Amino acid sequence: MSDEPQLPEASPAGPVAETIVLRGAGSTDGADERPDASIPELLESDLTPAIESILLVVDTPTPAVEIARAIGISIDETTERLRALAAEYDEQGRGISLREAAGGWRMYTRERYAPYVEKFVLDGQKTRLTTAALETLAVIAYRQPVTRARVSAIRGVNVDGVVRTLLIRELVEETGTDQHTGGGQLSTTSLFLEKLGLRSLDDLPPIAPLLPDVDPQMDERLESGLAELAALDDD
Amino acid sequence: MNDTAPSLELKNATGLENQGTAPAVDRTKFTVHLTNFEGPFDLLLQLIGKHKLDVTEVALSKVTDEFIAYIRALGSDWDLGQATEFLLVAATLLDLKTARLLPKAQIEDEEDLALLEARDLLFARLLQYRAYKHVAGLLAQFIATAGKRYPRAVSLEPQFAAALPEVLIGVGPERFAQIAVRAMTPKTPAEIRLDHLHASTVSVSEQITLMRGRLADAGALSFRDLTDDCEHTMEVVARFLGLLELYRERLVSFEQHDALGELRVQWTGAAADLQAAAAADYDPDEEYE
Amino acid sequence: MSDEPQLPEASPAGPVAETIVLRGAGSTDGADERPDASIPELLESDLTPAIESILLVVDTPTPAVEIARAIGISIDETTERLRALAAEYDEQGRGISLREAAGGWRMYTRERYAPYVEKFVLDGQKTRLTTAALETLAVIAYRQPVTRARVSAIRGVNVDGVVRTLLIRELVEETGTDQHTGGGQLSTTSLFLEKLGLRSLDDLPPIAPLLPDVDPQMDERLESGLAELAALDDD
């Protein structure tokens, strides 16, 4: 993406640090970075508010690194401050909730005030996913990347229509091709993560204990055999 | 778009109570409401759940009749893609059930092994499906919760908007027009239709009518003869199911000397000339569609 | 609109005030407001956070009266709480600044941090339009004036974010309101023409012959269907 060099570690926060004047953003990583004389220096106590300011203009989950870069502090420190800010909002019971989702940070309204917020958010258009769509989404989420044929085999029904809906809603996307069958492979998107409020796929609830203990070889055979049957119409 | 099978209600119209193998069915009790099942596994799970049974072999054989009844009750409204999977499951269920009717024997030959394997396969798929169904429920909860948190998404404050560098459209008018065409062309992602493969769903009842005539005329035919003119596997399957139906009505008997050997179908119903009259009374749609 | 009313748990804070149960939303300014029995009652300690939640999602300065109505308290109390919240932000030196301007209240970034916000905004900025933005712009150009909802329907996804970008970049503008739906209508600007090197919209290459021959009624049906699908509650 950007070719900006990694930001150096900023001085660790401490009781004395209050008086330490940090370098202005961008001035540290020299070279291709313009001196940015226009950017004033930040006090230690300004760092979190500066992060808060940036969060206010964010309109998509934003990785800590992008915020770190704008302010000129390390990613670690930024992440630490983001976490502390999120905890502060929670403790103070603010109407704002700072959350990490889909690999980035973003401000959300606090759940409990949803009924009031909804009067201002123009979208009577929240559509619910059907059971079919949810089941299909679940299989794709846990098996990704996965072909339509395989999803069909697991659900026991043709999933083309449902997959199309999920594609249009940008909850899944086509990522590559299966090397054996040549079928298009499906994966979930980052919108999927944000819609579920998950930081990453690792946050998906574990499914393994629920799955039957099938001899893997047999599992392979059965799935390939069934995939053939179910793949009446896989592309 | 939605692959949910239509909801249906079964009353005593399915003829289940005639099946010699089924336990005596209380006519007044046999009313089943199942709605919105999502395919053969879902149907099977719901049937098993309805009987408060474990997902076990016993349960499977108990629900076999109902499963078949459902398929029949769905009639000819559904597409082949759906029907195939349902029939596959039904065939396995029938197989298992048949095996249970026979005297318990040692696992001796390949056929028995194959049957056991088919059963394990069905269990595995059933449990696998149940696992995904379970997490799908969890995902729905996540979505519901996350849906109550509204993200901040507002316009940039004017001072920052003004600082933005000039944006490039990056394409000329001709290319821009092409993009417009692409954007406005209704999106119908690659879809391979099945219509050209099969003119329509194969109807078991039609196949029965056809076979009735042929068998009554010939007296006896091999299964091979009966299916010689089938163009699709589905027709063969439908004729096989049809024969089971005729057997249930005691209109045919079977004869098979060796395993996997030729299956002779003997007509035991009324003679051909009486068939026409009988067929006139017989309305297959009533029962099958 | 969701109908799950209950608040997860009462806020933990607060000594005595906790027991005071306020009237449900809408019950005070009567008349045109429906009773909204589905909306839970707010505790005294929830009022300011609820206001904060609303402020987080409003894009234009919002009059106190609208907020008062949504929450179900008096305008005076709302104004008082807005002022107190603004003062709290100032005292705590937060990155958020709450200001009354243009007859309403809105959250802004704190001036002091403007250089960092600006750096953040510029860093993330691409000088080229994304494919999504380009496609949306193309639809608006050829269908103008056109509502967001219709553009969404044609594109098959929610376009709010992209339209926001196009508005900020002054390639499109809001021109009037759709008489049927009341939705704001979008048109392209003269900057758009300039960027594309055209003298007027008449110079746009014709595309009618290139579009698939769709019966207009069908087109309508298709689009309303797609709109439903696309009606993600996304931003």
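Should a chain be cited, it is by its letter among A, B and C, assigned in written order, with residues numbered from 1 in that chain.
Criterion: a residue touches a chain if its C-beta (ideal position, glycine included) is under 8 Å from a C-beta of that chain, and two chains touch if they have at least 3 such contacts.
What you are looking at is a predicted structure, and each value in this text was computed from that prediction instead of being measured.
Asks: Going by C-alpha centres, which chain is most central here?
Replies: Taking the mean of all protein C-alpha atoms as reference, the closest chain is A.
Asks: From the centre of chain B, which chain's CA centre is farthest?
Replies: C
Asks: Report the inter-centroid distance (CA atoms only) between chain B and chain C in whole Å.
Replies: For chain B versus chain C, the centre distance works out to 46 Å.
Asks: Suppose each chain is reduced to the average of its Cα coordinates; what separation in Å results between chain A and chain C?
Replies: The mean C-alpha positions of chain A and chain C differ by 22 Å.
Asks: For chain A versus chain B, what separation do you get between their C-alpha means, in angstrom?
Replies: Roughly 38 Å, centre to centre.
Asks: Where in chain C do residues touch at least two different other chains?
Replies: 2, 53, 56-58, 108-109, 114, 117, 121, 156, 161, 164, 226, 233, 235
Asks: Hunt down the residues of chain B that sit against at least two other chains at once, touch-wise.
Replies: If we look for residues of chain B contacting two or more partner chains, we find 147-148, 150-154, 156-157, 160, 187.
Asks: For the complex, which residues does chain A have touching chain C?
Replies: 2, 4, 24-26, 36, 38-40, 42, 45-46, 48-57, 59-60, 66-67, 69-71, 93-96, 107-121, 123-127, 165, 168-170, 191, 195
Asks: Which part of chain A faces chain B closely enough to touch in the complex?
Replies: Contact set of chain A toward chain B: 55-59, 97, 99, 101, 106-111, 114, 117-118, 121, 126, 129-132, 134-135, 137-139, 141-142, 154-162, 164-165, 167-168, 194-198, 204-205, 207, 210-212, 214, 218-219, 222, 226, 229-230, 232-235.
Asks: For a test of understanding, state which residues of chain B touch chain A in their complex under the given definition.
Replies: Listed in rising order, the residues are 1-4, 36, 38-42, 79-82, 84-85, 88-89, 117, 120-121, 123-125, 127-140, 142-143, 145-154, 156-157, 160, 187, 189-194.
Asks: Residues of chain B touching chain C in their complex?
Replies: 144, 147-148, 150-157, 159-161, 163-174, 176-187
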